[in-house]
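Look at the two complexes coming up: chain A is in both, with chain B in one and chain C in the other.
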Partner chain A sequence: MAYLEVRGLRVGYGAIPVLQGIDFDVEEGKTTVLLGLNGAGKTTTVATIAGLLKPSAGTITFDGQRIEGRDPAQLVERGVALVPEGRRTFPSLTIAQNLRLGSWTKRQRRQELQATEARVYEYFPVLEERRDQLAGTMSGGEQQMLAIGRAMMSLPRLMLIDEASLGLSPRLAKTVFSIVDKINDDGVTVIIVEQNVGVLRHADNALVMEKGAIVYQGSGEELRKGDELRKTYLGAAS
Partner chain B sequence: MQGVGFVIARPIVQGLASGAAVGLVAVGLVLVYKSSRVFNFAAGEFVTLGAFGTYLADFWLPFGLAVIVGIATGAIAGLLTERLVVRPLSSRPKVTILVATVAIAFAIIPIEIIRSSKTQAFPARPIVHGNAFQIFRVFVSWQQLIIVLALVVVGAGLAYFFNRTDLGLATLASSQEPTATRLMGIRLNRISMLVWGMAGALGGLAGVLLPPLNLNFFAGFGTTDVLIAAFTAAVLGGMTSVPGAFVGGVLLGIVQAGALANVNSNKFPGAPSVAVLAVLVIVLVVRPTGLLGKEA
Partner chain C sequence: MATALEPEAASPEVHVVPTKARAGFRPTPAGWAARSLAVALPGLIVVWYVHHYAPVRADFLAGGVIIAIGALSLNVLVGYTGQISLGHQAFIGIGAFTSAYFIGESGQSFYVGMIAAIVVGAVQAVVLGLIALRVRGLYFALVTLAWGFVGEQSIFQLKSFTGGGAGAHATRPGGFTTDRMFLVFCAIVLTLILLVDWRLVATKAGRALQAIRENPQVAANYGINVKGYTLFSFAVAGVYAGLAGALFASRRDTVSATDLSFYLVALPYLLVTVVGGLRRRGGIVVFAMLFVLGGEYLPDLAKSLHIKFIQENAGNIIQSLSGVLAVLTLIFQPDGVGTITAPIGRWLKGERFSMHVSAGGGAEGVSVRP
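== the complex of A and B ==
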C-alpha cells in the first residue's frame, strides 16, 4: 500500500464540481510534483488532503489510515502539513511567534521542538537574523521561507507545498526548492504543487492535472526529459 | 472659590473611573471584532447581567463571591451567545450576526424587566465603602480606585496573555489569517468561545464595578447607558486595538466628566454627549484609524 493513496476523490465548491474522481499514489520519502494550469484542481487536491475541504466522494488513506473529511487539527497531529498558496503568514506576529504557532499540536515535545527550530534556522538563516521582525514586513521570498519553516515546526511526515515559487525570482525559487530537497532528505514525504515545470528537477514522481482529472502519472525525470510528453500534457506551460 | 487644581482634578478623577469601566466593555467589543469582525450589540447586556448576577448572589453569598458570580454571569452570557447564536450563523453575512446580537439584547432586556416588574432601580453595592484619599480637594472613593486598578490589572493580564502565551498568540493569529490558523491545528471554534467568554467576563466585571458609581442600576442599563459609550471608546482607540480601547474609554470618561462639570446642564443639556461626539470627529478626521488602530 502507498503512503498516501487517493481513490475516486470528488470535491466541489457548492454545486460546481472541481475534482472529478481522481486516483493517485504517493510513495513514502519521495517528492511528488503536482503540475497543471490554473483551474486544473491542484490547490483543491492538496486543500482536501489537508482537511480544509470535505470531499463529496472518494477516499484518502495516509499511512494506512483513512483521513478524508477529517479536521485540519487532527491531520496536523497525524503529520500532515500544508504550506498554503500565498504563504498566509501571520503579519502582525514576529517570525519567532509564527514558528511557535507552527508547533501548536506538538507543544508538549519541547526538546524536540528546540532541535526543529534550530534546523529551521539552519535551513533559513535569514529567519534567525530577523526572528523579532514582524512577518508582514518581510519580502515575499522571506515569507515563503517562513511559511515552510512554520510547517516544519509541526514535525510533519507529509508536507504539501502549494505554489511555492509564485511571485519569487527564479534564483529565490531555486533556493527555496533546494531547501525543500533537504526537508525531503530528512525523511519528509513532499508534494509540491506548481505551474512551473522547472520544479521537475526536484521531483521523484510527477502528476499532471487537467480540468479536475489526473492526466499523467509517472516519473518526474521521464516528464522532464520527454519533450513530447511535456507538450502533450502541459502545452504552452512547458 | 474652587482652585484650578480642583477644576482639573475633578473631571479626571470622575472620568477616569467611569471611563475605565467603559473601557473594559470596549475591550470586549474589540476582542470580538478582531476575532470575528462582528459588532456585538449584546455587549451592553453582558454588563447588565453582571450587575444582576452580583445583586442576586449577594442575597445568598458573601459579597466577594457575589462579585465572582457577577463576572461569571457575564462570561456565561458571552459563551452562550457564541455557542447558540454566533456559531450557527458563522457562514452567514456579518450583518446577520450583528442583527442577531441586537436581538439578543432585545430578548434579555424584557426578561430583566419582568424580573424587576417595572423600571425599578436596584441598589448597587460598592466593593469597598468610603473614600480612599483626597487630591486637590477632590475625594477619590475606594470604588473609583478599584475600577482604575481593575483596568490596569486587566490590561496587564491581556498584554501578558496576547504576547506571552500560546493561546494568546493563537487568538491573535485567528484574527489575522483564519485559514492558516486552522492549518496550524488550532480549532477556531474554541478560540471563538474563548474570545466571547472573555468579552462576556469583561462586561460582567464592568457590571460589578460601574453601578456603584451611580449607587444603583436598572434593567437594560448596559445597553442604554454603556453600549454606545463603549462603541465610541473602541472606535476612538482604533476598533482593532486592545490598548486603544482602554485609552479610548478613559479619554471618553474624562471628556464626559469635564463637560458635565463645566457646562450648565440647564442651558446646554446633553453637553457630555456633544463633547464626546466632537472629540470622536476630531480624532477620526486627524487619524481615521483611531488613536492606536492600524487598519481602517
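== the complex of A and C ==
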C-alpha cells in the first residue's frame, strides 16, 4: 500500500465540479511533483488532502488511515502540513512568532520546541538572523522560506508545498527547492505543486493534471527527459 | 537575495537579538532620577492645578474609568479579533439594565447584579460572535450597527425590564457609596480587567487571536480553533462590557435608555479605542481619562483665562476635537496615540530611549519566547 493513496476523489466548489474522480499514489520518502496549468485542479487537490476542502466522493488514505474530510487541525496532528500558495505568512507577527504558530497543535515541551526551531534555522539561517523582525517586512523569498519553516515546526511526515516558486527569481526558486530536497532527504515525504517544469529535476515522481483529471503519472526523470511526453502534457512552450 | 542563504550570513555577529541587548542595559542613577522626575513633575502640576483651581471630581473620574473599561471591551473586538463593533451601546446597555434589574426590581445586592451583567453580557456577545463567524468586515460592522439600534429602540424600551423613560434604579456596592469610594471601586475593576487583558494577550490565546485576525484560513490550517477562539474573544468583550454596564448603572443611581444612545456610548467609545490605540491598553485608558477630564476641566480653564466661548461650549468642543483627533490619528498614526507614547513608556521602564516600534507590530506584551 502506498503512503498516500487517493482514490476516486471528487471535489467541487458549490455546484461546479473541479476534481472529477482522480486516483494517484505517493510513495513514502519521495518527492512528487504535481504539474499542470492554471485551473487544472492542483491547489484543490492539495487543499483537500490538507483538510481545507471536503470531498464529495472518494477516499484519501494516509499511512494506512482514511483522512478525507477530516479537520485540518487533526491532519496537522497526524503529520500533514500544507505550505499555502502565496506564502500567507502572518505579516504583523515576528518570524519567531510565525514559526511558533506552526507548532500550535503539537504539545511539545519547551526543549523539543527549541530543538525544532533550531532545526528550521539550520535549513534557513536567514530566518534566525531575523527572528525578531516582522514577517511583513521580509522579501518574497524570505517569506517563502518562512512559510516552509513554519510548516516544518509541526514536524510533518507529509509536506504539501503549493506554488513555492511563484513570484521568485529562478535563482531564488532554485535555492528554495534545494532546501526542500534537504528536507526530503531527512525523511519528509513531499508533494510540490508547480507550473514550472524546471522543478522536475527535484522530483522522484511526477503527476500531470489537466481539467480536473490526472493525465500522466510516472517518474519525474522520464517526463523531464522525454521531449515528446513533455510536449504532449505540458505544451510546446515547456 | 540568494546570498543571504549562505552560511557566512549566519555568523553570530549579525544575529539580531534586540531583547537580550535591551536586557543588558541598565540606566545610571542619574538616568533613574530623570525618569522619576519625568513622572513626578507632570503629576505634581496636575495635583497643584486641581488643588488650586478645581476640586477633584471623583464622579467624573469614575465616568472616565467606565469609558476606559468599555473601550477595552471594544479593543478586544476591534484590536484583537479585527471585527469592528458599531453597536456597543447595546453591549454596555444590556449590562447596565441587567444589573439595574437585579438590584432595583429584585432587590439583590450590587454584586449579584454585576455577576448577572457579566453573564448576560457574555451571552449576548457570543450570539453576535456566532454571526461574526459567518460575516466579516463591513458586513459585520453593519450587523453590530443594527444590533445597537435593536438595543436602543426595542430592548431598552421594555418597561418591565428597563423602567421605560423613567429609567431603572441601581445602587452602589456597600462600602463604596460615596463618589470617592465608588471611584476606588471602578479603579479596582479596571485594574483587574487590565491584568486579565495583559495575560490574555501574553499567552497562547493571544497569539491565536492575532493569527486569526491576520488570516483565519491559514490559522485554521495550522490547527488553531478559529471558531472557538473567536467566540472566546467575543465572550471576553461581553464580560468587560457587562462590567462597564454594571458600573454605568450604579454611578448615577438610575439608568435610562436616553443615556445609552449611539452618540453617547458607541461612537465616543470607539473614538477612545481608535485614538488611544488598538491593542494599546495603556493608551486607551489614558485617552479615556483625557476625554472625560477635558470636558470637565476645560470650562474651568477657560473661565480662569476669561474665554467665554470655550467656557460655554466645552462639551461640544471636546466632542468635535475628538472627531478631528480621530481623523488625524487614522491618517498619521493608524496604530493610535499609544504608538507615540510607547517609546516614552519603554524609557520609563528603564530601557534605552528609542523610537523603534517594538517587535510584534504594536501588539503590546506579546512574547514568543518559551
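The rule is short, and it goes like this: the second predicted complex is superposed on the first by the 233 of 238 C-alpha atoms of A that agree within 3 Å, B and C clash if a C-alpha of one lies under 4 Å from a C-alpha of the other, contacts with A are read in each partner's own complex, and residues count from 1 in each chain.
Convention: contacts are C-beta pairs under 8 Å (C-beta built on N, C-alpha and C of every residue); 3 or more make two chains touch, one makes a residue touch a chain.
Remember, predicted model here, so these are calculated numbers, not experimental data.
Colleague: Given the superposition on chain A, are chain B and chain C in a clash or a fit?
Modeller: The answer is clash.
Colleague: With both complexes superposed on chain A, which partner does A:227 reach: first (chain B), second (chain C), both or neither?
Modeller: Neither partner.
Colleague: For chain A, which side has the bigger count of touched residues, chain B or chain C?
Modeller: More residues of chain A are touched by C.
Colleague: Under the stated touch criterion, which partner chain does A:132 make contact with: chain B (first), chain C (second), both, or neither?
Modeller: Only chain C is touched by A:132; chain B is not.
Colleague: In the overlaid three-chain picture, which partner chain does A:90 touch, first (chain B) or second (chain C), both, or neither?
Modeller: A:90: touches chain B and chain C.
Colleague: Could you list which residues of chain A make contact with chain B in one structure and with chain C in the other?
Modeller: 50, 52, 72-73, 76-77, 82, 84, 88, 90-93, 97, 100-102, 104-105, 150, 154
Colleague: Can you list the chain A residues touching chain C in their complex?
Modeller: Chain A residues touching chain C: 50, 52, 72-73, 76-77, 82, 84, 88, 90-94, 96-97, 100-102, 104-105, 110, 113-114, 121, 124-126, 128-134, 136, 139, 141-142, 150, 154, 169, 171-172, 175, 179.
Colleague: In their shared complex, at which residues does chain B touch chain A?
Modeller: Touch residues, chain B against chain A: 166, 169-170, 172-173, 176-177, 179-187, 294.
Colleague: Quick one: in the complex, what on chain C touches chain A?
Modeller: Going through chain C, the ones touching chain A are 1-2, 4-5, 7, 9-10, 14-19, 207-208, 210-211, 214-215, 217-225, 359-363, 366, 368-370.
Colleague: For the complex, which residues does chain A have touching chain B?
Modeller: Interface residues on the chain A side: 50-52, 71-73, 75-77, 81-82, 84, 88-93, 97, 100-102, 104-105, 107, 150, 154.
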